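Listed after this line are the structures, all set down as structure tokens.
What follows is subunit A paired twice: with subunit B in the first complex and subunit C in the second.
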Partner chain A sequence: MEELIKILEDVRDDVDFANTKDLIDGKVLTSFDIIQLISTLDDEYDISIPAAEIVPANFNSAEAIYALVQRLQG
Partner chain B sequence: MSLISAPFFIFMLCLLGAYYNAGEKHQWKVLLIGSAFFYYCSNPIYIIFIIISIVSTWYLMRNPVKSHFIWTIVINLGLLIIFKYSVNFGVHDLIAPLGISFYTFMTLGYAHDCYDKKIEPSDNIWHYALFISYFPQLTQGPIGTYQEMHEQLIKYHPFDLQRIKTGGYRIIIGVFKKLVIAGRVGFYIDTVYSSPKGYSGLTLITATLFYLVEMYADFSGYMDIVCGVSDMLGIRLKENFNRPYFSKSIPEYWRRWHISLNEWFNTHLFMPSVTTKWNKKVANILSKVFPKAKKGTLRLIVPTIIVWIVTGVWHGAKSSYLGWGIYFAFIMLVSFCTQGYVKKFNARIHWNPENKFVMAFQIVRTLIFLSFGEIIYRSEKFSDTVTIFKNIFTDTRINGAEIAAAMTPFGNGNQAAASIIIIAVLVVAQFIVELAKEKDERAFTGHRYVYAFLMLVTIALFGVAGKSNFMYQAF
Partner chain C sequence: MTNVIEMLRDSAERFPENTAFADPEKSVTFGKLYDVVQRIATLLLKGEASVPFEAESGVGFYMEKSVDAVCAMLGVVRAGGFYSFIDVRQPMERAGAVISVLEPVIIITDDENKDTLKQTLTAMENSNAAKALNSPYYILNSRKLISPQIILVSDLMKLAEGCEIDEGLLEFSKTVAYDTMPLYVNFTSGSTGTPKGVAVGHRSVIDFITEFTEVFGIDERDVLANQAPFDFDVSVKDIYSGLLTGARVQLIPRDYFSSPSVLMDYLTDNEVTTLIWAVSAMCFVSIMNGLEYRLPDKINKIMFSGEVMPVKHLNKWRSFLPDATYVNLYGPTEITCNCTYYILDREFAKDEAIPAGMPFANEKVFLLDDEDKLVFDAHVEGEICVGGSCLALGYYKDKEKTDQVFVQNPLNNRFHERIYRTGDLGKYDEDGNLIYTTRKDFQIKHMGQRIELGEIEVSAMSVDGVTRACCIYDQKKQKILLYYTGEAEKKAVTESLQRKLPQYMIPGKTEQLDEMPMNKNGKIDRGALASRK
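Then we have the complex of A and B:
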């Protein structure tokens, strides 16, 4: 989880990823940020996030993103 | 059936009567019959093509496997391409079925969402038929999603006078934007753009700025009318505009203009392209050429080019539309690729993005880049685009006679000046009204009666009769 937070902070250093729960619904992250994030996650965790998974529920919080990564790794 | 016509008014009266008198179980059926009647009156023979699309898509997507999804794309995109583009190659001279672009987008969006398991396929073909054919959004959008629309459409909506009032008010705003604002400035733009060669830079700049006004007034006016009509039926359509000309960058502008189309492209073409394996490979190759660039940014390049070329060509098989698409692909890419550097640069020169002057500068800059794109789009041919750009930057004459000549559609001399002042006042008034609407969306307070009355008077006095075709209807 800590590693993921670090990755997220690389994408946007002005967001409190540990506590924000509405990254998408609250329009905190832009689609540009999400693409940067997807690209980094793909490379760091050796996964391939499909377009169908790019929904608010999977990106609203660090926990949700973590769960998505784990699911795709498994 | 034009939305600004006596037959449509009568149609709405009959529909509202039947709709609110139908029982709980039958209300949505009234809407389906009304929509079918609307389509039949507008485009009788072509109703067959929307029926083919509805039946085939509904049937195939009941079981949303890959082969069915591909067949749905082939059938729907095939019909769209046949009607939209073959006419350019002299294959036939048929006109395209009403709203084919928009219902094809809705159909493909539905099929894609079923295939991705984001939604449950519709189990009732009549419900699905209503989702695709719902008459307010059929002709020019907004492109509704199944998630947003289907429950609203089949739910029972009891009569509510407040809704009729707010809907009616919004319709008046739309008619006003279309007939008074878009209709008047349209004359000037047509005159200048039909043969731009002899005009000075100033005249061409004025015509281009008027074109921005016309596009917004025409298209958002149409949206006001259909949203108002739908409000009267208790059904909320997606908002397609969010004051786009106040955007601080071109990417932001495209999030605030024709929102439903841009969201559609984002969900169904851009994001799927970004996440494909081949795009990842392209980004890996590009990262060898640009080792300092972020991989995420490199993954944006090909999808951005694809989306913008498709968006350009979607407007029609014309070189100016393709040029417009390439122009915006370029601007978007420059914006994406320089985002990091711009942020650092702004921080270094203590440029505060919240400062009002900074924001004004960004808004004006966006409007200039947008205008360049719209010059490409509006030009009849490529040589005209070159002429317009050349004259804007080299012909600095201030030629009173020329401006007066271009203004003749407004009237002569003082009459023309008066018309222009009235238009300017109305545009400002319109903006103020929209701000008021934003603060108080549903309430219908006294001042709105006064404003509605003033708008009706202005429509009667200044409305351009016979100009009730909307720009996007052609797509």
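Then we have the complex of A and C:
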């Protein structure tokens, strides 16, 4: 989880990823950030996130992103 | 042809029942569109919906794109005016700066955006009150600041329904029209901190679109999926290619570029044939695995521009849609969309640059070296310069900036020949294709947006407690890095930038330094900053 927060902070260093729960719904992350985030996640965790998984619920918080990564790795 | 409305008039005659524009909620046929446009123009010219409207009047649009927005903007054009879309996502302060330059007589908006617009205008009036004496917005007699009139697009459409077309009035408006009058003004980042408005005339669009649609064989059977927001000139290719050929323009809402499955369903269900997209949008689909999810297999033409296309992503598209024609388009807004194109005729290796290619007909594209001599030889770098009818009218109300880059061709001492110096560096390959190499200044392309790093630096320097600021761009990580000196807290700097700049201009990383590295000429040593990361 700490590693993921680091990755997230590398995408945007002005967002409190540990505590924000509405990254997408609250329009905290832009679509540009999401693209950058997804390509980083793909590289760092060696996964490929299917388009159908790219929905707000999976990206609203660091926990949700963590759960998604774990699911795809499993 | 001397006015873009002739494109619409002809298509309305040839294909009255074909859909011209569609968004997820609404669509309009060419016949109906021409009718509505004539009604809106009548309304405007009669002054029934607004202040009296004259030729060359500017109208701002503070709303997202939609079918209604298209009707209104073409109505403005039919009445002899020009339009300018103002990005609604930018902070109020910057939108205010854009409106101050544009000084529109009317701003058309919608329910969603009207409150922000009103707040923006109020803030502007307060801050402008002091400088008002020099502004045409200020009428000495009444000592009153004149704000642009706000009209809701829904009200305009309703009024238009009930308005009889006044042929005589419309005919008269044609007598004062000419083909080098402005059609639109697009705002782009300015290095001194104020966005600059690129004004483009009818002639340039007619000239370019006629050639563009012919070269790529766009016709009435095509469905163009419009990705670009209307404040970007990539959208000009969609809008006017549709109007000229009778093709349908399917508007994609901005939000769809956050949910790939919604986007891919929309493209497929609407049987899209043609993508004229920003490179960043192409990469979005490829990174998000959109093509795996659902393949819009009617697509046969894919054209991209704005940045150098990463071959990795291009290859992914090609593996899914191998029979489509792929075209790399090159050119800045100042020369009306694009000046060169390259139709991909072979595979490219991952480290290879896709050429910008050859000029479109009726466009003069050439390279000038450091001494303003013409470059002939392959592999020799020079500044890319462009001449011809495609040239913009200049930066709106900014003669100084206009004169810096729209200049007399230094190779021509025989007659007046205006060229645009792009500030892009390029060279030719063995086949004579132009290859873009880099910028000669501090303009960057970041996530499809054209940004002057100077604009970010000026904004950072205006924060209390910041003494110096310097931005560099990490191309590899695609990240804007801001370095500053002074006692201001990092958080305060970022928060202040967020109030002034659009999100895409906010640095991905901000670092406070004790001292700014300087070179021996007393300038900030950007190389030293770049090697810090």
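Keep in mind that, in the parts below, the second predicted complex is superposed on the first by the 74 of 74 C-alpha atoms of A that agree within 3 Å, B and C clash if a C-alpha of one lies under 4 Å from a C-alpha of the other, contacts with A are read in each partner's own complex, and residues count from 1 in each chain.
Assume contacts are C-beta pairs under 8 Å (C-beta built on N, C-alpha and C of every residue); 3 or more make two chains touch, one makes a residue touch a chain.
The structure displayed is predicted, hence computed values, not measured ones.
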Touched partner set for A:D14, first subunit B, second subunit C, both or neither: second
Partner chain in contact with A:E2 - subunit B first, subunit C second, else both or neither: neither
Partner chain in contact with A:I24 - subunit B first, subunit C second, else both or neither: second
Partner chain(s) touched by A:D43 [first = subunit B, second = subunit C, both, neither]: first
First, second, both or neither for A:I35, with subunit B first and subunit C second: both
Touched partner set for A:A51, first subunit B, second subunit C, both or neither: both
Residues of subunit A that lie at the interface with subunit B and also at the interface with subunit C: 11, 31-32, 35-36, 38-39, 42, 48-52, 54-55
Subunit C-facing residues of subunit A, complex: 11-14, 24, 30-32, 34-36, 38-39, 42, 48-52, 54-56
Residue numbers on subunit A that touch subunit B, as the complex places them: 11, 31-32, 35-40, 42-43, 48-52, 54-55
Residues of subunit C that touch subunit A when the two form their complex: 257-261, 264, 280, 283-284, 287-290, 292-294, 447, 478, 491, 494, 498, 503-504, 506, 508-510
Subunit B residues touching subunit A - in the complex, by the definition given at the top: 116-118, 251, 266, 271-272, 274-275, 277, 280, 283, 294-297, 299-300, 336, 339
